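So, here come the structures, one by one.
Here subunit A shows up in two complexes: once beside subunit B, once beside subunit C.
What follows is the complex of A and B.
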C-alpha cells in the first residue's frame, strides 16, 4: 500500500512537509542561534538581521524558541497518537476475537471515555497526577483512543465474518494467520487514516493545552506556549502569532493530506484510482508523441540510422 | 431415518469419501430450539459425484457445514470424511484435519469468497501456504498447474478478483479448493450467482472433475444444474432425506411427491431427458 500511496502527488507533498517538520524536530534545538530561555533587554523587538523573527516580551529570540520548541511539540503529538493507537486499536481488534466478556467490558470503557468532557478530564488528570507533559499526553491519548477502538473494531468485524476468512478457516488457518493475511490489510488503512488525523488533531489539542498552561510549564518553549505568550502582545507585534501558527498549520495540513492520500489509495478503490491515473498518463503520453510526430514528420523520418550512414 | 436404498445403482467399490450417519442438527436454544436436520444418512464413495437438492431452508447447507465442522451436530450423529470421524473434534484437531486438505468447499458467490486485496494466485496458494509443507517454488508450480486444470491462464495469477469476470472468479475458487488434492469437494450452489454462459462453463468443468480422483457433493436448489454433473442425487425436504437415487432416475422416474414437485418446477428437465 505504501507504494500506491506514494504514487499520489498529495502524499508526496504531505511527506515533503512532514520531512521538513521532522528535520525541525530533530535538529531544531541545534540550529537555534540563541539560548531560547535567555532573557535580554531587547523586548518585543521587530525582525532584524540579529533576530530573524524578532524577540518576545522577555527579550528572548523567537526563532530560537520556535526551533527549540519543535521536539516537545511534535514528539508529544506523536506520543498522544501512539497512546491512542495502543489503547484503542489493539483492544478494538481483540474485541472481535476474544470472549464476549472482554468485548462487553471494552465497549463500556470506550463509552465512558466518549462521555467524558475533554477539558474537565484533562484538568482532572493533571490535578490527580500533576501538571506535566506526560500527564497531558496520557489524558489526550486516552480521550482520542475510542476513535481507534471504533475504527479497528468496525473494520475487523466486517472482515471476520467474510467468506474469504471462512475459506481460510476451512483451510486450517489459525487466528494469527487470518489476522496477518486478511484482517490487517483491511484494518490498517482506516487506522492509518485515523492515525494521520489524530496526529493533526493531537498537535492542535496539545498546543491548546499548552496555551491554557496545562502540560508544559513556562519558560519551556513549545509552539502552543509561544502562541499563548504572543497573543498577549498583539498590539505591539500583530504578526508574532503567525510563525508558531504557520508551523502548527503546516503539520496538521500535512497529516490531513496524508490521511486523504491513504484513504484514496486503500483497497480496491485505490487500485482503480491508480490504474485510471496510469491509463490517463499513458494516453496523454501517446497523444503527445503523436502530436510531436505530426508536427515534425520530416525530422523524424529523414534522420538516417547509424546503419544507413555512410 | 436410515439411508434410503438406491435400487439399480452400482456404487464404485472404493473407501467412501464421506459417510454421514444419523445426522441430527438443531439450531437455537430453549423454546426457540428447532430441528433443521433429522436423521440424515448417506455415503459418498471415492470419486463419486452426489447431488443434494431441496428448496431454500431444507437443510442442504447445514449438512455441508456439519461435514466441515462449522456446525456441531447433536450427540449420536456421525460424520466420517475419508474414514476420519470429524464430529466432536477439539478445535486444534479440527484445524489439523482441515489443514490436511482432505475436504474442501466452494462457496456460492465467488466475489465474496475471494479476498479483494489478495491476488487470485495468492488466494489459490493459501491452503498450501497454511499447510506449510511445500516450498515457494513448488507452491508456485502447484498454483500454475491448478490454473491450467480449471482452464484459466496462469498469467491471471497476479490479478485481483475485481479484474476477473464472475465465471473466472468461480474457476479461481474451484482451483483454490482443488489445490490440496482433496478427497471430497463440497460445492454449495456453485453456479447460482453466475450468468447462463458461465454456468454452462463451470458445469462442464465440474463434469471433467468427475474423471479425477475427487468425490463431489454438489448442493443446489436447481435440479437442472445437478443433473448433468452427478451420479446420484439426494432429495432433502424440511431436513429429511426423502429420496436417494441415481440422478437419471430422479429426473425421469421421481418416486417421492416432493421430488415430482421439484421436477415440475423445472419443466425443461423432462424435455431435456437429462441422463448423466
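What follows is the complex of A and C.
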C-alpha cells in the first residue's frame, strides 16, 4: 500500500513539500536569526540583507516570526487530526457492531455536529472554555470528527456485511485474523485519505482562529496571527501576506495531493493506472533494448505504442 | 383540494373514488417528504441547543464575575446568580432557556442585563446581507460554471473551470479576503475595503460595501456547487432516457431542462445544504477582515468576555437557519426527484 502510493509522482512531490514543512516545524525556532518578540525602531522595512522578509509594524523580523510560529501552527494541526481520528473513527466502527440504540444516537450526534456552523462554534467553544491552544485543538478536533465517523462506519459496514467475511467465520477464522486480513485493508485507506484531508482543513481552521486572535495571545507568533497584523498595513506592505500565505498553501496543497494519491493507489483504477504505467515502462525498456539491437527498424516499432495506451 | 375531499358527502364522493385516492396519495407524498427530514432535524435541533447550553454550563463563566469583577463577595455573587436563575438544576435552566428562544428574547446579556435580542437587532441586517448575497453568488455562479463545464465536457472550458474550482476550494477564506482587499480596494481603489452602510443611505453605497465580503465568503460554495453539478450533469446526460429523448427528436434545450438538469441537480443541491453552515460560520472570519459588526464579531467578542447568553443566541440562530435551510433543500429535492424520498 505505502509502496504503491510512493510510485505516484504526485505523492513524492507532496511528501517532499511536507518534509520541508516538517523541517521548519522542528528546527524553525532554532534557525530564527532574531528574537521574534524583539521590537526595533525599524518599522515596516522592506526585505533586505539583514531582514530577508522585512520587518512588521513593531519592527520585528518577519522571517524570525514565521519560523518561530511554525510549531504552534503545524503541530497543533497534527493534534487536531489525531483528536478527530480517535473521537470519530472509534464510534464509527463501533456503531456497526453495538446496539441499534447506540447507532441511532451516534448518528444523530454526528448529524448535529455537521449542522453546527463550524467556525462560529469553534470560536465560541475555544473562547468560552479558557481561550488556550489546547481548547482550540479540542474544539476543532471534535467539530471535524464527523468525517472520520462516516468514513469509518461506511467502510466497516461494507466489510461486516460481506459474504467473504461470513465465509471466513464459517471456516473457523478468529476475529483477530479477520480484522488483520480483511477489515484492515478495507478500512485503512479511506481513513488515511480522510486523515490527509483533515490535516489540510485543520491547518486552515487553526490559522483562521489564530487570525482572529482566538486560542493564542497576541505577542505569540503564529502564521494566522502574522497575517492578521499584515492586514492592517496593506497600504505600506501589500506583499507582506504572501509569505505566511505561501507556507499555509504549500502545506494544504501537499496534504490534498497526498489524499488524492492515496485515493488513486487504493482504488481499482489506481492499481490499473500504476500497473499500466509499469507495463508501459517495461515495454519502453524492451523497445529501447530492441532498438539498440537493431538500429534500422526503430520507426516501425515505436509507432504502435501510442495507440495501445488507452 | 385537500379540504374539498374531506368535506364531500360520501354519496357524491363515491363516483370520484380514484380521484380521491390520487389526492390522498399526493398529500401523503408531501407529508412523507416533510416528515422524514423532520424526524432527523428535530433531534438535531434539540441536540444542537443542548450542546450550546452545555457549552455555557461547562465554561464556568458567570454574570457575577463579569459584573462585579474583583469586588465580588459571596453574598453579592449569590444575589446575581439568583437574579439570572443560575441556582436552579441544569435541565430546569435548559428548558427555561428554550422557552426564551421561542418567545424570541434569548435571555438577558450577562454583561449589562439587556435582552440579547435588542443587542442582536441591527447586527442581523449586516450578517444577513452578507450571507444572503454570498448565497446568491454561490448559487448563480456555481450553477453557471457547473452547467458550462458539463455542456462543454472534455473541452478547454471544462478543464479551465475544473482546475479553477479545485484551486479556489483549497484557498482559505482569509487568504481570499486579503487578496480581494489588496487588489480591488488598495490596488485598484474600485471598492471600499472595510465598513458597512445601511440600505437607507442608497443602493450603491450599501452594495459596494457588501460585494467584497460576499465574494470572499462565496468562493468555497461556488467551487463546490460547480464541481458537484458538473459531475451530476455529466452522469445524467449518459443515461438511456437522454439517448431515447434524442432519438425521438426532442430539442436539446428541452432535453437539458426536462431530463438532464432535473436528474443531475441532486448532488449539487445536497452540497448546497451542507455548505450553508460553512457560509454562516465563515461570517465570523469575513466580518473580522472587512471590519463589519455582524453576528460573527459579536459572538467572538462575547465569547472572549464570557457573555454566555449572547454567544448562545448567535449559535442557536445559526443552528435554526441551518436546519430550516436543509429542510427546504430536502423538500425541494423530493419535489424534483421523487425517488429521493425513498432514500435511494
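Remarks
To be clear about the criterion, the second predicted complex is superposed on the first by the 282 of 310 C-alpha atoms of A that agree within 3 Å, B and C clash if a C-alpha of one lies under 4 Å from a C-alpha of the other, contacts with A are read in each partner's own complex, and residues count from 1 in each chain.
As a working rule, a residue touches a chain if its C-beta (ideal position, glycine included) is under 8 Å from a C-beta of that chain, and two chains touch if they have at least 3 such contacts.
This is a predicted model, so every value here is computed, not measured.
After superposition on subunit A, the partners subunit B and subunit C are seen to fit next to each other with no clash. Once chain A of one complex is fitted onto chain A of the other, the partner contacts of A:128 are limited to subunit C, with no touch recorded for subunit B. With both structures placed on the common chain, the touch criterion links A:211 to subunit C but leaves subunit B unconnected.
In the superposition on chain A, A:172 makes contact with subunit B only, while subunit C stays out of contact range.
A count of residues in subunit A touched by subunit B and by subunit C gives the higher number to C. In the superposition on chain A, A:164 makes contact with subunit B only, while subunit C stays out of contact range.
In the superposition on chain A, contact of A:227 is made with subunit C only, not with subunit B. When the shared chain is aligned, subunit B comes close enough to touch A:182, but subunit C does not. In the overlay built on the shared chain, the residue A:111 is in contact with subunit C alone; subunit B does not reach it.
For the pair subunit B and subunit C, the model built by superposing on chain A gives 22 Å as the shortest CA-CA distance. Comparing the two interfaces of subunit A, the one with subunit B and the one with subunit C have no residue in common.
Listed in rising order, the residues of subunit A touching subunit B in the complex are 162-164, 166-174, 177, 181-182, 185-186, 267-268, 271-272.
Contact residues on subunit A toward subunit C in their complex (touch as defined above): 108-109, 111-112, 114-129, 131, 200, 204, 207-208, 211-212, 214, 224, 227, 230-231, 234-235, 238, 241, 245, 248-249, 252-253, 256. By the touch criterion given at the top, residues 68, 70, 95-101, 104-105, 107, 109, 112-118, 123, 126-127, 130-131, 160, 162, 176, 180 of subunit B touch subunit A in their complex. Within the complex formed with subunit A, the residues of subunit C that make contact are 40, 43-44, 47-48, 51, 55-56, 58-59, 61, 170-175, 178-179, 181-182, 186-187, 274, 277-278, 280-285, 288-289, 295-296, 299-300, 303-304, 306, 308, 311, 314-315, 318-319, 322-323, 326.
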